[in-house]
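A, B, C and D label the chains in the order they appear, each numbered from 1.
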Amino acid sequence: MGVKTFDEYYDRLKKLRRNMYMGGEKIDRTDERIAGQLRVIKETYDRANDPEWEDLCTATSHLTGEKINRFTHIHQSVDDLLKKQQMTRLLCHRVGGCIMRCMGIDAMNALSVVTYEMDQLLGTETNQHFLKYLRYWQENDICANCAQTDTKGDRIQRPHEQADPDLYLRIIESRSDGIVVRGAKIDNTTAPVSDEIIAIPTRFMTEKDHDYAVAFAVPSDWEGVKMLVRPAYQHKRKYLEAPIAEVGDAESFTIFDDVFVPRERVFLDGKADPRQTPFAGFLALLFAHYHRHSYTGCKPAISEVLASSAALVSEYSGIEREDHVRDKLSHLIGTAELVFAAGQMSAYRGERSASGTYIPDEILTNAGRRLAGEEIYNEYKVVADLAGGLCSTMPFEEEFFSEETGALANKYLMRNPKVSSEDQHRCFRGIENMIVSELAGVTQVAGLHGGGSPQMETITMMSRYDLEGLKSIAKYLFGIKGELPRYERPTVTPKKMLEKFRNLMKGK
Amino acid sequence: MGVKTFDEYYDRLKKLRRNMYMGGEKIDRTDERIAGQLRVIKETYDRANDPEWEDLCTATSHLTGEKINRFTHIHQSVDDLLKKQQMTRLLCHRVGGCIMRCMGIDAMNALSVVTYEMDQLLGTETNQHFLKYLRYWQENDICANCAQTDTKGDRIQRPHEQADPDLYLRIIESRSDGIVVRGAKIDNTTAPVSDEIIAIPTRFMTEKDHDYAVAFAVPSDWEGVKMLVRPAYQHKRKYLEAPIAEVGDAESFTIFDDVFVPRERVFLDGKADPRQTPFAGFLALLFAHYHRHSYTGCKPAISEVLASSAALVSEYSGIEREDHVRDKLSHLIGTAELVFAAGQMSAYRGERSASGTYIPDEILTNAGRRLAGEEIYNEYKVVADLAGGLCSTMPFEEEFFSEETGALANKYLMRNPKVSSEDQHRCFRGIENMIVSELAGVTQVAGLHGGGSPQMETITMMSRYDLEGLKSIAKYLFGIKGELPRYERPTVTPKKMLEKFRNLMKGK
Amino acid sequence: MGVKTFDEYYDRLKKLRRNMYMGGEKIDRTDERIAGQLRVIKETYDRANDPEWEDLCTATSHLTGEKINRFTHIHQSVDDLLKKQQMTRLLCHRVGGCIMRCMGIDAMNALSVVTYEMDQLLGTETNQHFLKYLRYWQENDICANCAQTDTKGDRIQRPHEQADPDLYLRIIESRSDGIVVRGAKIDNTTAPVSDEIIAIPTRFMTEKDHDYAVAFAVPSDWEGVKMLVRPAYQHKRKYLEAPIAEVGDAESFTIFDDVFVPRERVFLDGKADPRQTPFAGFLALLFAHYHRHSYTGCKPAISEVLASSAALVSEYSGIEREDHVRDKLSHLIGTAELVFAAGQMSAYRGERSASGTYIPDEILTNAGRRLAGEEIYNEYKVVADLAGGLCSTMPFEEEFFSEETGALANKYLMRNPKVSSEDQHRCFRGIENMIVSELAGVTQVAGLHGGGSPQMETITMMSRYDLEGLKSIAKYLFGIKGELPRYERPTVTPKKMLEKFRNLMKGK
Amino acid sequence: MGVKTFDEYYDRLKKLRRNMYMGGEKIDRTDERIAGQLRVIKETYDRANDPEWEDLCTATSHLTGEKINRFTHIHQSVDDLLKKQQMTRLLCHRVGGCIMRCMGIDAMNALSVVTYEMDQLLGTETNQHFLKYLRYWQENDICANCAQTDTKGDRIQRPHEQADPDLYLRIIESRSDGIVVRGAKIDNTTAPVSDEIIAIPTRFMTEKDHDYAVAFAVPSDWEGVKMLVRPAYQHKRKYLEAPIAEVGDAESFTIFDDVFVPRERVFLDGKADPRQTPFAGFLALLFAHYHRHSYTGCKPAISEVLASSAALVSEYSGIEREDHVRDKLSHLIGTAELVFAAGQMSAYRGERSASGTYIPDEILTNAGRRLAGEEIYNEYKVVADLAGGLCSTMPFEEEFFSEETGALANKYLMRNPKVSSEDQHRCFRGIENMIVSELAGVTQVAGLHGGGSPQMETITMMSRYDLEGLKSIAKYLFGIKGELPRYERPTVTPKKMLEKFRNLMKGK
C-alpha cells in the first residue's frame, strides 16, 4: 500500500546513519531540536490517513493504480494540479507555515518530464531509471528534500571559472556503474527529516560546464553525505500548549564529500554524455516552476494565517470595526486571493507534456509567486501594526503562572472583557511565536526567497512572455502596422515552451 | 436576426430626438465631437459581424435560440462569463481603452436575477416585463447606458435627508400605468450614443427612502430626458491616421425632468410597493458586481495597451534590454495577468442563480478590480518613465510636414536608426494621445473609479468575507479552540449570497 | 561631577532590590540575560567619557553650569536639539540598533515644559520639584525609563469606563505627603537596567478620568514596583566575537502594586487637583513629540546599519555593481537621509518655550518618524533580498570550527575570493543576528511602534496642520476667494501650539 | 535698475523676430496659445515689484550692489539658497504649478562655478565673459530658458557614434570670433517666452566627443534658431474666471540650424580647446544639481496645491472627517514636508565654492527630488480618489449658464448645502483643469522627468555616496574591522565634489 503512517516513516528515520552535525556534535533524527520539523511532516502522513482528507491528500498512482500519498504523485491532469495547490494551502493552515514536503515531489515532477524528453531526443534510458525510482517512492511514501542551490562562490563567475572548482556540485568521476560527486548544496529545508536527497542543477550550464550538469537521488544518510543542520528557535512552552508552538524549521547545509551514486539513481550526467548538458538548465527551470506553483498554495495560506491572527487580535483589542483595521485586513486577504487564483488559473491553463505529466502555466505562476514574495514583509508589518508592541515585549509564560506575579500579570493583560485572560494570553503568545521568534525571521526570508526571489520570477516571466506579440497592439493603435490579429494571450504556453526547447536541441 | 450592423444601429441613432446639450447648444447624435465614442461602439458591431470573431462576440439567446450579439446576452454558463471577460479584453485592445458597451448588459444581467428573485419572494410580475424588454434588446442589438450614480448631494445624508429631495433620483408619482421620476444621474459614459438608458439605484435604501427605490428603462431621447454631454478632447490628426486618434469618450450628466415611465418598463417601484425597497441595494450591488467583473476584462487590456506602448518606445529608444526597463514592463504585465486571472477564476467559481443567470465570485472579482484601480496611475507613470519627456513636449503634427521645418523636425526625431522617422513620429504621437491628452486624464479617473473605487471594493470584500471562519485558523494554531475544520475558502459564494438576501427578506 | 562612568552606574544597579521576575524567578540586575542591554547602555557612559565624543555626548547644565552627560540635559537651544539627534544616530551605529536611553531624557524635557506651564497657569509649584529632581539626575548621570503605555484594556472604552478600573494606571489615594498609585505600564524598554522609572499618562484624560491624570518618578526598585522582564534572544557566540552579538534588548511589564510616591516626586495629580487633568494629554503628546524627534536620529541609523550590511554582503557576493542592487541600497540611503533631514529641520524650526526648553517642529518630526515607521519592514526585506537565503539557513558557529566539518564548511562558504572565509562567515553570522534572530523581530516591531505607530503620527500631523490655510490655495486658484496671502507654511509652530493649549486652559 | 516690470519684459518679447512655428505657421510672442505661459512668468515680475514680496523675490547683486530680481541672482550664501527655494514654492502656489523661470538662473549658477573652475585650471578667460553676460542679465531682468536635453538619437551610442552626427548639438566650426553650432534641444519649457536661450551639454563627453562639449547663450530669436512650439491645452473659460484657468505651458523643440555664436557668448568650446571637454559633464551635472534643488521648492508646492484641492473637494462633498480622507491628505502633506525639508537641509549643508557661488548638498537634494518624482502620479490619484468621477465627466461651463439647462445643472450639482452652487462648480471645474486637462498630463510627465527622472537621481546619489564609509559600520558590528570611526555622514560634500573634479583634471 502506498500510504504510510507517520510512525512507519519515523521508524525509518530512526534507523538512518548519524550523518548530521549540530553545535559541534553528531546528532541523529530523534534530536529534539528537529522535533518541530517532524511535527510539520507528521501532518502530511496523518491527513493522508484521515478519511476526511483522503480525497485531497491521496491520489491514484498512474504506475500501479494504487492509492498513494499525493506528495508522491505525478500530476496526470489539471485536477491534480488544482488538488496539489489546495492540499498545500489547507495543510499550511494547520501548521501555521510551510508544510515542507513539496520540494521532493516538485523535483520528481520535473524529472518525470525532463528525463522523458531527454530520452526522446538523445535516445538515453534515463526515464526508465526514473520510473523505477518513482515506484519505490510511491510504495514507501517517501519524504524527500530537493537540493538545488549550490553555494555558487563568486556570483559573476560561471561554475568552471570559480577559484575552487567545487563551489558548484560536480561529477569528479563518471563510470559505467555510477558517478562520484563533490560539492555542497545549501538552504536544504526538510533534509534533516528526509528519507532521500534529490540533487539537481541550480542554473543553465554552458559547454565548459559539462561536469556540473548532474542530477541524482541518494538516501539521506548515504556514504559521504554530511548535513550541517540548523534549526530555528522558538521558546519552549510550559503551560499553554498550542500547535503554533510545536512546529519548527530545520535547514541543512549538505556536503557531498566525494559521494558515489549508482547509475540507476543518476538522472543527468553531462560529464559522460555532454549532449545532456543543456538539460541541466531545463531541469533547473522546470523544478523551479513546479515549486513556484506550490508557492501559490502555501503563500496564500501564510497570508491567511497572518490575516487570521491580525483579525483575532483586533477583535480582542476591540478595534475590529475601525476603518484602517478593515483596510489592512482586506489587503492581506486580497493578496491571498490573487496569488491563489493565479495558481488555480495556471492549473486550468496547464497542458499535458509528452511524458503524460501536466505542466501549469508559467507566466501566471510567476506573476502570482512574485506578488507573494513582494508582499511578505509588508504582511508581517500589518500583523505587528494591529497587534501593537505587546507581542514583542510580553513577559515569559512563567510570570503568568507563578504565585507571586501570576494574578497581577493576568489582571493587566485583560482587554475585551468577553475574552478570558488565558485566551488573551494565548493570542499574544501565539503572535509572539508568529512574528518575533527566530522562526518568524526564517519564514520572512523563506517567503521572499523560497522558490526564487521576485527578481527571479521577473526574469522568468520576461523570458517567456511574447513581447513582440504585445507590441503589435501599440503598432496597430499607432498606425504603424495594419490589422491587429485576434490576440488571445501573448504567452509561451507549456507546450510551446517544450517545443522551443526541443527545437533548440535539434538545432544543435 | 439579433446581430445588427453598425450602420443599422447608427441609422437608429440619427432618428433620435435632439435632447443633448453641449457648449450651450442642442446637438444631435451626428455631432462630430461624439464621433470618437461612436468609433468605439462600432467595434462591437463590426466584430460581431466578423466571422473570425463570431465565436467570441456573438452568443445564442436563451429566449429564442437565435444568434445575438454577446453584448445583449444573459450569462447562462461559466463559459459565458469567461467569454464576456475575454471579449471585453480583446475589444479593448482594439480601441486602446474602454469598449463602453458593458454597462448596459451588466445592468441587464443584474436585473435578470433581481427581478426573478423579487417575483419569487413578493409574487410580483416584474421578471415578465424584464424578459419582454430583453427580447426587444436581443432582437435589435440594443446599445444602452446604465445610469447608476446619483448626484448624491451631501454625502453624509441619506436620500430623504437631503436639503433638496431630488438629489437622488426619485419617484414623484406612481400610478397604475407607470411612474413619474425626477432627479439626475451622472458619469453616464456611452449615454450620448445609446439607444436606451437603464436607471438603477446607487445604494441601499432604508424604510424612509421608498421613493428612491426605483429602476426602469427608457429610450435615450424620451420626453423629459435631458443629457448634458461632455466629450473628452484629443488633437485632431491631419497626416498620421491611427486608431488611437479616432477614439474618444463622451459622458452625460443626465437629467430626468419629471419623466413618465410606462409600467412595463419599470423594474423596481418602492413607492407603490414598499416591500420592493430592499431590492434597491441588492440591485445596486449586483450591477456593481457584474460591472466589476467586466473590469477584470478591460483593465488588463488597458494595462497591456500601456505595456505595449512602453515596450515599443523602449525598443525605439534602444533601451529595451536595460534591467530597469524589463522590471517596469514586467510589473505592468504581472498586474494584467493577475487581474485577468482573478476574473477568470471568478467565472470558474461562478454559480447559477434560480433565474438561470450565472453570477461570478464576489471576493475575487473585487480583489482583482481593486488591484487594477490601485495600479492605474502607477501604470501611466511607467509609460511616462520609459517614454521620456518628449511625449509631452513634441511639436504639433504640422511642423513635421511643413516645408520650412519638416525635414529638420524629422531629422532630429531619429532614434533607433532601423526605425523610420515616420514610425518614430507615430509612436510618440500615439503615446502623447495615450498619456497627455484630456482623454488620458479621463481614462485615469475612470480606471480608478469606474465600477467603484478601491475603497468600495474593500467594503464589498469585507462585507462578504467570512471573517469568523478566517479567525478559526488562529484560534486553532494558538490553542484557543480545538480542531480546525477543513477550511476550503472563507467566502460567501454567489449562492450563499442570494440565500442570505432571501433569508433577510423572509425575516421581515 | 555630572558625567559618571559605566562602572559607577553599574555599581548602583547592583545594589538595587530584587524586584524583577523572569521565567518564574526573581532576578537581579546582574542576570546574564539582560547583559545585552547593559552593553548598549555602556556605550552612553563610555562615549561621554571619551574625549573624541565629548562635544557630542556631553553638555553644560543650565542649572549648574557643570559638564553633564547629554542624556541628562534639557535642550536650551536649536544646537542642543541638533546634537541630541546626531548623538543618537552615531551611538545607534555603534550598537547596531536602539541606544535605549532616550526615553528618560525625552520625558524629562517634556516635564520641564509642562510643569512650568502648569505652574504659570494654575499657580502650582511642580516645576520646583521637577528642577530639584533634574539636579539629582544631572549630578548622578541617571539612566531612566519612561513608562507611558498603559495596558489600556478595551480600547474603545475610556479609562474610567473599563470593567477593571486599574487597566490604566491611577491614583487610588492622594494625600499631602504623596500619592498611592495602582496599575501597570507595558513596553518599558530599558526599565530592567534603569535607575529610575518615570511614569506619565498615555493619552488625553476627560473630566471623568481625574484619577488617571498622574505623572511621577520613582527608583526602579521602589516598594511595590514589580517588573516582569523579557529579554530578546540571540544565539551566544563561542568563536567569532562581534559587537552585534553582544547587544540585546530587555523589556519590562511594570506593575505598580499600590505604590506610594512622595509628593516631591509627583509631577501631575489630577485626583487632588482636577485642574491638572488637561495637562495629562499635553504631557503625553509632548513626550511623544520629543521621543519622535529622537527617532529621527535612531531610525536613520538603523536604516544605515541595514544598508551597510546589505552593501557589505553585496560586495562579498560579487553583485555590488548590479543595477537592482544599487537601486535597493539607494532606497535605504534615501530614507535615512530624508528622515534625518526631517529631524534636523525640525530642530532648525524649533522654538523656545517659556520654560526655556526648546521644542522642535511637530509636523516635520511626525512626517519623518512616520516615513521611518512605514519603511522598516521593507528595509529588512532589502537586506534579506541582497543577502540571499543563507542568512537564515547557515549552520551554527561550531560546525565551522569543529575538526570533522570545519574545513568543509569554510571551503563551501567562499564567495568573493579576495575575502577570507572567516570574514564571509562573520558577515553572514552578523546578518543572521540582524535579520533572523528574535532580537530582529523585536527591532522590527519597535521600528514600527516605538514612539507611536504611523497611524499616530498621521493623527498628530492632521491635528496640528492648518488645513484651512492649505485650502486657501485652491480657493484662490479656483476663483472662490480673492487674493492668496503669502503663505509661508500652513503649520502650528511650537509656540502657537503652546499658546493654543494656554488659551484652551484659560477658556475653561 | 535691475528689477523690471512685466510690461517692460513683454515689450521686449514683442519685438523679437518671428522664429517660432506652431501648427504649420510662423507665430510671434503675442500668439494667444502661449498666453498661459506668459501669465505664469508675469508672476515673477509682479511679485518682484510687490513690496510684500520684495524680501523674497529680489536680491542684491554681488556685482553691482543693486537690487535685482532673485531670478537673476547668483547664490552668495546659505540664505540665498533658502530664499530661492522658498520663493519657488510660494510662487508655484500662485500659478498652481511650475513657475517656469528657474531653468535660466539654475544654468547661470552652474556656469558661474564651472567657468571659474575652468579658468583656474586651464588659464582660460571664460569667467570674464560669463560675468559680463551676467551683468547684462541682472540689469535687464532677463528671462531665459536652459536648453540642455539633446535629441540623443540611439541611446546606447555616444554622440560621435550616432548614425547622424547632429543628433547631439555640436560645434561644426570654431574660429577666433566665435563658433558655429548645429543640432537640436528638446523639452525646452519657457523658451517661447524667453529673452535668451542658454545651451549646455546633456552628459559627460569622452575624448572622441570634443565637438559636443559646447555651452553658450544666444537671444531667443537669433539667426538660425528655430523653435517648434507646443502649448498645452485647457478649455477656455467663458464665465468662471480663475487663475487656474489662465495658466498654461508651452514647450519648444529648438533647432540650431548652423547658428553662429559670438565668442563672448561662448562658455565651453571643446573643439577649439579639447582640454575643456571634461567640463561638459561637470556643467551638465551642476546645472542638474541646481535645478533639482529648485524642484525641492516647486514640487512641495505642487503637492500642496493638489492636497489643497483634495481637502477642498472633501469639504464640499462632506467627507472631510472620514479616516481614509485624512490618511490620504496627510500622505500628500507629508511628502511635501519631507521634500521641502530635504531642500532646506541641502541649503544648510551648502558650501561656498572658490567662485563665491554657494552649492547645496547633493545627496539630500537628490533624495528629495527623487521622492517627489516617485510620488507625482500617486498624488494625482489621491485627488481623483477624493474628487470622485465628476471631475472627468462634468458638462461644459455653458450648460450651467444657459437658459434651458442652467437651473437644472446647478440644482443637481449641490452637495454641502452651506456652499453655493457656483462655488461647487468652481471647485470641480478647477479640479478638472488640474487633473484631466492636457496640461495635467504635461504636469505629470514634468513632475516625473523635470530635472531628471528618479532613475537619474539614484545614479547621482550612488555616485556621490561614500559606500565604503557606510560599510565600515557593518564591518565594525560584525567584528571584521576594529574601531568604528566617528562617522558623521558618509557623503561627498560640495567642496569635496569640487576637489575631486579638480584632482581628476590635474591627474590628466
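Just so we're on the same page, a residue touches a chain if its C-beta (ideal position, glycine included) is under 8 Å from a C-beta of that chain, and two chains touch if they have at least 3 such contacts.
The shown structure was predicted, so the numbers you read here are calculated from the model rather than taken from an experiment.
Comparing chain pairs C-D and A-D by the number of C-beta pairs in contact, the larger count belongs to C-D. Centroid analysis (C-alpha atoms only) places B farthest from chain C.
One copy, chain B, sits rotated relative to the other, chain D; on C-alpha atoms the angle is 180 degrees to the nearest 5. In terms of their C-alpha centroids, the spacing between chain C and chain D amounts to 40 Å. Chain A and chain D have Cα centroids lying 51 Å from one another.
Of all residues in chain B, those that touch two or more other chains are 324, 327. Residues 21-26, 149, 151-157, 163-164, 166-167, 183-184, 186-189, 226, 228-230, 232-233, 235, 251-253, 255, 257, 317-319, 324, 376-378, 380-381, 384-385, 388-396, 398-399, 401-402, 404-405, 408-409, 411-417, 435-438, 440-442, 444-446, 448-450, 453-455 of chain C touch chain A in their complex. Contacts from chain A toward chain D in the complex involve residues 322-324, 327. Chain A makes touch with chain B in their complex at residues 52-53, 86, 90, 93-94, 96, 240-245, 304-305, 307-309, 311-312, 315, 326-327, 329-330, 333-334, 337-338, 341-342, 344-345, 348, 363-364, 367-368, 370-371, 423, 426-427, 429-430, 458, 461-462, 465, 467, 470-480, 484, 486-488, 490.
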